[in-house]
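Please go over the structures that come below.
Presented sequentially are two complexes of chain A, the first with chain B as partner and the second with chain C.
And now, the complex of A and B:
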């Protein structure tokens, strides 16, 4: 019951996290920042706007992206096959890439291209993390993963690798080249407006839930540890976001991939031998 | 019993008929012939008739004589075209083969054995291959050749089907070698079909490279006769622990050559100069599928070392071939490299000797064949009807033909995304490798290679797909796809949809998880079809007010020559390790 409820309100929880994040970031810069509910005020305003579209496919792909992402989070909540979840997540990312390319806009295309390249950076690591869970549990089932704990002791390096890909998915500096507002004006988002942009905006909130639920998995059955982990990751990501500058997309791929890969392979060797 | 002979003979008969008959009647005859073989293969699969068969002495002698003629023909071609490599390999084969002819052999097993693997291969060869033959009727019509030459094209394709049917049922290495060489011959003839300089050159390259495989088979045949006095694959597999592994390793080498795995990949890429149906039939249903098939067949004899090294080799090929494809611009070349990559995956899965591995590998073979045939057929349509060959020229195709974009997208999606079979093949193979890590931690290397290959292929396919989608808001003219092209493509899409049912057989995923993407795709399809944004105003792109004139921008990952060299040497090194290791 509580799972269904959480599934239904997932985008809004994500919105709250997003609002909170803006406040935290503002405080780090000694600003007051917007109210926590600011994302929702934005949402109401966006809905009231007059709808403009560039073409139909662009909008349809955007909506598909949102729906599949929500389903991915649903599978994480209800407990499915973790490896499968990673692939369905890829499915949803493909939609946003196709959306970016369906208009004749240079910023949108560059954004899509970078999104495509960033898949290269995080997808292998996500699968290796899933395989780490498999090696410990003997199963990809999320419900089975949630039943035992001590993942942090057995896969610390994989957790570090996870930390590397959190900023890529959440589009946080130094790994925010896919969005890069100052440079390519939001990439894929640039051609959306009004209520249709709202879908992309909410998809972003759901991405927050997806990432933090993955972090939560590392805590296993220990809910308090999970909350603490999420909080630490949350603050760390925002701290790094404030303190670092953006890296180029090819550096992003190289850094995330090489470090992440070495960490995860070492960790898997460790799991098998220790 | 009769069914299998039917499968082998019917294509030969129809090859003969289509050579002589006039163009108008030919169409109906070809479709009739294809229907016959398709029905026969379905019948065999449906009844699951496992059986074996012995040819009588006359047929054995005929096959031996044909073999000799074939080898001398290769030597002759090498002489005429002044290609040393072709002549050298042909002479080596003639020498070894004459030694084999002198040796006495005992017939203690069956010449043909039809098992489950062979039956699945029949389905792939005849259904997908048959559809490609029907497609090529339309394709070859517009070529600028004499009628006889056009007819001979169709009959060559039919012969290919017949020989492949014989090859997958062969248990005797002699017959296997005969078919192996015949496919080499047919591919040689088909590649040089256009008879210009590049075509001849590439055909010769295909010839000498494939002959390496022939040499490997002959050497292992010779050793099998000398050491164990047998020419039958099932006997070799049953020898057990004291089997001299070099025999199997050399057969595996022959498989890599046919599968165009990394050091040998240039013959398959050279095959692009032939008419597109040739690529379609080589890449999907026939020729290259010998590689995973042969590995599947001999896998029970592998030692753990051999199994691991072949797995690693296949996974490595999967990774590098898909990486190389990221730099290519020629549409058919991209498809070709991705075929090589996926064959690497199939080889690496096939080398694991478990029941599930066989199942996963067969799944990959079947669905890869369907998707690749579909994609190559679309490449042909692009070439013929839109005059497009390069990726950089394909822009806003969706404004010109929605159907073509639909087919290409289905082709790509069926190779990468759920709920299609090829995706589940990849998914289960990743799962398989992860579960193997617990037994032997070295399996992490093939796993990492496969992860990278998967991601490279995904970004490759969707890089290509994105080129098609950019929609223009201005007026434009649409092009209708010719009916024969359209129906054959729809037939393949239909096969893909039929294949969805197969996914439910696997235990590790629940019904919910398998049916979810199907439901999603259905929902998205309906949404796509019925959604109209009437209230929304259509505007020009905002584009930050800039008015840059640009065509679609895709990225290319260029590999330095030193990296390409390194890839070549590593794959040769892996092969050497495999062969040397199997001798110890």
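And now, the complex of A and C:
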């Protein structure tokens, strides 16, 4: 019952996390910052704005991106297969890339290209994290993963690699070249407006839930440890976001692959041979 | 039902129509920690399709007038236009020059004029808060039609 409830309110919990994040980031810069409910004010405003439709495919792909992401979060909540979760998440990212290519805007195209390159950077690490869980538990089932004790002893390097890809997925500095508001005006989301941009905005909130639930998996059956891990990741990501400048997209791929992939492969070898 | 939320999240689009950069620096100073416009929910989007408030600086040079109209038409309704600085209001010291169009309101309807060369951040914040009230009334009018 509580799972169904959490599944239904998942986007709104993500919105609260996003609002909290904006406040925390403002406080780090010694600003007052917007109210915590600011994302919801934005949502209500966007619903009332006049929508411009570029073409149908653009709109449909944007909505599908949101729906598939919600399904992914549902699978994480109800305890599906972790490998499926990773691949359906990839599927939802492919929707947004297709949406970016369906318009004639070059900013949209550049955003899609960068999104593809960022998939190249984080997807291998996500798959290796899933296989790390498999090697320890003998199963990709999330319910089985949640039943054993925490994974920080057995998968420390994979957790570090996870920390590296969290900013890529959440589009935070230094790895926000896919969105890059000052440079390519938001990348794939540039042509959306009104209620259709709202779907992308909410998809961003669900992405928060997805990432923090993946972080939560590392705690196993220890709920308190999971909350502490999520809090640490939350503070760390925002601190790094405030303190660093953006890296170029090719450097993003290089950094994520060289550091992240090496760390994860070392950890996998450690699980298999030690 | 959600009417009152409209003025709580104004996303601004900032365009420099041939300004000397003085007013642009003051606009960016508004977003900086000291004045912190973000506490009203303002985001500097840079994307006309997702913004509500159009901040224009500069006396509208010959080359920028088509762009200013294009940007204005790409902002979805309801929208407000704020002319920041003397140049954007009247042409300022550039008034009457051959390459300048004497203010933004020759081309697009302006709702709020902010004086000053350059406008101080306090004035700009005052103007934006005023623009939000106009935004609300405009939205109500739009719903009635």
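Basically, the second predicted complex is superposed on the first by the 274 of 274 C-alpha atoms of A that agree within 3 Å, B and C clash if a C-alpha of one lies under 4 Å from a C-alpha of the other, contacts with A are read in each partner's own complex, and residues count from 1 in each chain.
Everything that follows uses one rule, which is that a residue touches a chain if its C-beta (ideal position, glycine included) is under 8 Å from a C-beta of that chain, and two chains touch if they have at least 3 such contacts.
Just so it is clear, the structure is predicted and the values come from calculations on it, not from any experiment.
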- Task: Considering only touches as defined above, state whether A:48 meets chain B (first), chain C (second), both or neither.
- Result: second
- Does the superposition put A:38 against chain B (first), chain C (second), both, or neither? second
- Message: Under the stated touch criterion, which partner chain does A:153 make contact with: chain B (first), chain C (second), both, or neither?
- Response: neither
- Partner chain in contact with A:191 - chain B first, chain C second, else both or neither: both
- Message: Between chain B and chain C, which one contacts more residues of chain A in the superposed model?
- Response: B
- Message: Which partner chains sit in contact with A:112 here, chain B, chain C, both or neither? Use first/second/both/neither.
- Response: first
- Once the structures are superposed on A, label A:182 by its partner contacts, choosing first (chain B), second (chain C), both or neither. second
- Message: Contacts for A:26 in the overlay, against chain B (first) and chain C (second): which applies, first, second, both or neither?
- Response: second
- Query: Of all the chain A residues, which ones make contact with chain B and with chain C?
  - Reply: 50-52, 185, 190-191, 193
- Message: Which stretch or stretches of chain A touch chain C in the complex?
- Response: 22, 26, 29-35, 38, 40-42, 44-52, 181-182, 185-186, 190-194, 197
- Contact residues on chain A for chain B in the complex? 50-60, 63-64, 67-68, 71, 75, 80-81, 83-84, 87-88, 90-91, 94, 97-98, 100-110, 112-113, 116-117, 119-120, 123-124, 127-128, 131, 134-135, 140, 185, 190-191, 193, 196, 261, 265, 268-269, 272-273
- Task: Spell out the part of chain B that touches chain A in their complex, as residue ranges.
- Result: 396, 398, 416-418, 423, 427, 430-431, 434-435, 437-438, 441, 444, 447-448, 451-452, 454-456, 458-459, 462-463, 465-467, 469-473, 508-510, 512-513, 516-517, 520, 524, 527-528, 531-533, 535-544, 546, 548, 550, 552-555
- Task: Spell out the residues on chain C that touch chain A in their complex, using ranges where they run on.
- Result: 2-3, 5-6, 8-9, 11, 33, 36, 38-41, 45-47, 49-50, 52, 74, 76-78, 139
